[in-house]
């Protein structure tokens, strides 16, 4: 009884979301004029309450629900990031400023948003293979539904079909890997697995562990859209409604990195002061390095030729997953810090870019870069903000994107000369990325065209949010010490038993 | 009967499921392949639970997998159905407006 | 060869054989009906492994739920007079090579790995124990699964429902 009480206390963020989700579903059944406003308020209140409960859990560490989940500073960081992403999406994108959402049922959108957030939180704290798989599938299934949200839209539907078939196949492979892992270790609890593997293993078992890692990585790779499990990504991001794309490109990806980190560091390694000791002495860094380098390169090279902005940002988000992976590759405390700083920066820069794209689509009805000339004259605020988001995505100081890149690159370089080639690949990729981001800016600012189109009429709220996101990309550099403290304090993983 | 016998059956199911994924054009048929993969993993879990340390963790994991499979199939079929209504085809390679 | 072995080989043959039909049959209807035998065969293997609760779950959910859903899917995506329900096959040879390779790797793994030891648990009724675990250690995933089902139900209904106004 005592244990359940304690678990409930440490589970308040998730409970707040569950409560809000159920209330939204109930309110959606009402036939009243106020129902849409009520659902929006409920969603925002649920997310804000959840965030507040998270802040109340600072410094708490331990297992809850009989070891099914853990609460620890790193998990808490991810929870704050994930709830923050949902909150921003709910605030910034409305049914008014997105053409694609316009006229669709609002209740379902808010309920799905809350459900994905809840699943993301469960994934960030999962401590048992069964819980891990359940949470991962919860995120996936709710995401499939979100992508198919635009009823009667062929692209949305097709994107969702590709998403679900690809997702079901890769998580199926992952499940097979997890079952083999259970067979090797005889337990589904991550600390139990680490204990077992830490005791050493025979050569035959080590070979099997390679197979397990490959199969399990299919699932994580799918969630983080890492090469070679990225094929769904461009189609899904292009076909889904833009607010959903913006959300999917940040939140489930971050949750994927949370569970990837936890699986490796809680299941397979002992966190140490410097570089973490991986038990089982499998050569993980090489596998991860290769994936990271490929993910960056494939994403950036494919983005070069895109003219559809949503598709371009989809490929660029694949590339960014590669950069985040650099932090995982370093397998050190600094690497993990780089990863979380990068994800934080990625949240504000990517959401900002998607917001500008949505607002331009709202006015002009196009996602095509060829329709972007002359925007500087027609919508100066949007263009300047877009410039800030794109420079941040490029990694130009003093934007937050630069800080993210700085941290992951530093973490990789300090691991020694055998890691330097990866840093070089990363730097070359940053140069490729700079080219296509700059091309967007050139089109918007310098290119002539569209003289006859009228100037943008933007709602005050939309202007405010664009400005807020732009400032969020610029200002953090001034109180970086506090962010650094927060990131450093978040590096503790609950590892005991 | 040993553990290995069951693992062989499960490996065969997995390989057949992958074959279904790779060679079928019909979305419903691809879903059947995915069900084979899930069943093979479940068979593994139950076999390990019986012959391994004897705890029930594997069986409980398998129960959750069954529940997830049901939810996934429900959503997937809803999408296939809508696709059919919009395009009059259940075939995957005819779903091709997203390209590039 | 004792009775258990005989039952195992029969069940294994049914499972793998019908799974092969699922994947190779030309007609979707044959595939769907073969899938029935695969699911029942796997349920039989569960019984042989002493997992009685799971065998019942398999029959109830897979045969009673998922298979029926898939059959609906087959029926609703084909015109009623379209009797042959052909499902075409592409890239057959590469697919076969990949899956044979996969099977070889997995089979080798099954033989060579030192799986977690133990003398094994004698088959006993598991339903009671599983029920207690659901209300104890597995309480959180149990509740989370109910949220998943709610969302899946809502989502499936949302996707299929026609747009109210164009």
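A, B and C label the chains in the order they appear, each numbered from 1.
To be clear about the criterion, a residue touches a chain if its C-beta (ideal position, glycine included) is under 8 Å from a C-beta of that chain, and two chains touch if they have at least 3 such contacts.
All values derive from a computational prediction rather than experimental measurement.
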Request  = Name the graph shape formed by the protein chains and their touching pairs; answer line, ring, star, complete or other.
outcome  = complete
Note = More Cb-Cb contact pairs, comparing B-C against A-B, go to B-C
Whole-Å separation of chain centres (CA-atom averages), subunit A against subunit C = 31
Remark   = Averaging C-alpha coordinates per chain, one finds the centres of subunit B and subunit C separated by a number of Å equal to 7
Ask   = Distance from the CA centroid of subunit A to that of subunit B, rounded to the nearest Å?
value = 26
Note = Touching two or more other chains in subunit A are residues 130, 134, 137, 141, 144-145, 148, 151-152, 160, 180, 183, 186-187
Query = Of all the residues in subunit C, which ones touch at least 2 other chains?
reply = 109, 115-118, 138, 141, 145, 148, 151-152, 155-156, 159
Message = Can you pull out the residues of subunit B that are in contact with at least two other chains?
response = 14, 17, 27, 31, 42, 47-48, 52-53, 60, 64, 68, 71-72, 75, 78-80, 82
Task = Show which residues of subunit B lie in contact with subunit C when the two form their complex.
result = 1, 3-20, 22-29, 31-33, 35-36, 39, 42-43, 46-54, 56, 59-60, 62-64, 66-75, 77-82, 84, 90-91, 93
Request  = Would you mind writing out the residues of subunit B in touch with subunit A in their complex?
outcome  = 14, 17, 21, 27, 30-31, 34, 37-38, 40-42, 44-45, 47-48, 52-53, 55, 57-58, 60-61, 64-65, 68, 71-72, 75-76, 78-80, 82-83, 86-87, 92, 95-98, 100
Ask   = Which subunit C residues qualify as touching subunit A in the complex?
value = 105, 109, 112-118, 136-141, 144-145, 147-148, 150-152, 154-156, 158-159, 161-163, 165-166
Contact set on subunit A toward subunit B in their complex = 129-130, 133-134, 137, 141, 144-145, 148, 151-152, 154-155, 157-162, 164-165, 168-169, 172-173, 175-176, 178-180, 182-183, 186-189, 234-235, 238-239, 306, 308, 311
Inquiry  = Under the stated contact criterion, what part of subunit C meets subunit B in this complex?
reply    = 4-5, 8, 12, 15-16, 19-20, 22-23, 28, 31-32, 35, 38-39, 42, 45-46, 48-51, 53-54, 57-58, 61-62, 65-66, 69-70, 72-74, 76-78, 87-92, 94-96, 98-100, 102-103, 106-107, 109-111, 115-121, 123, 126, 129-130, 133-134, 138, 141, 145, 148-149, 151-153, 155-157, 159-160
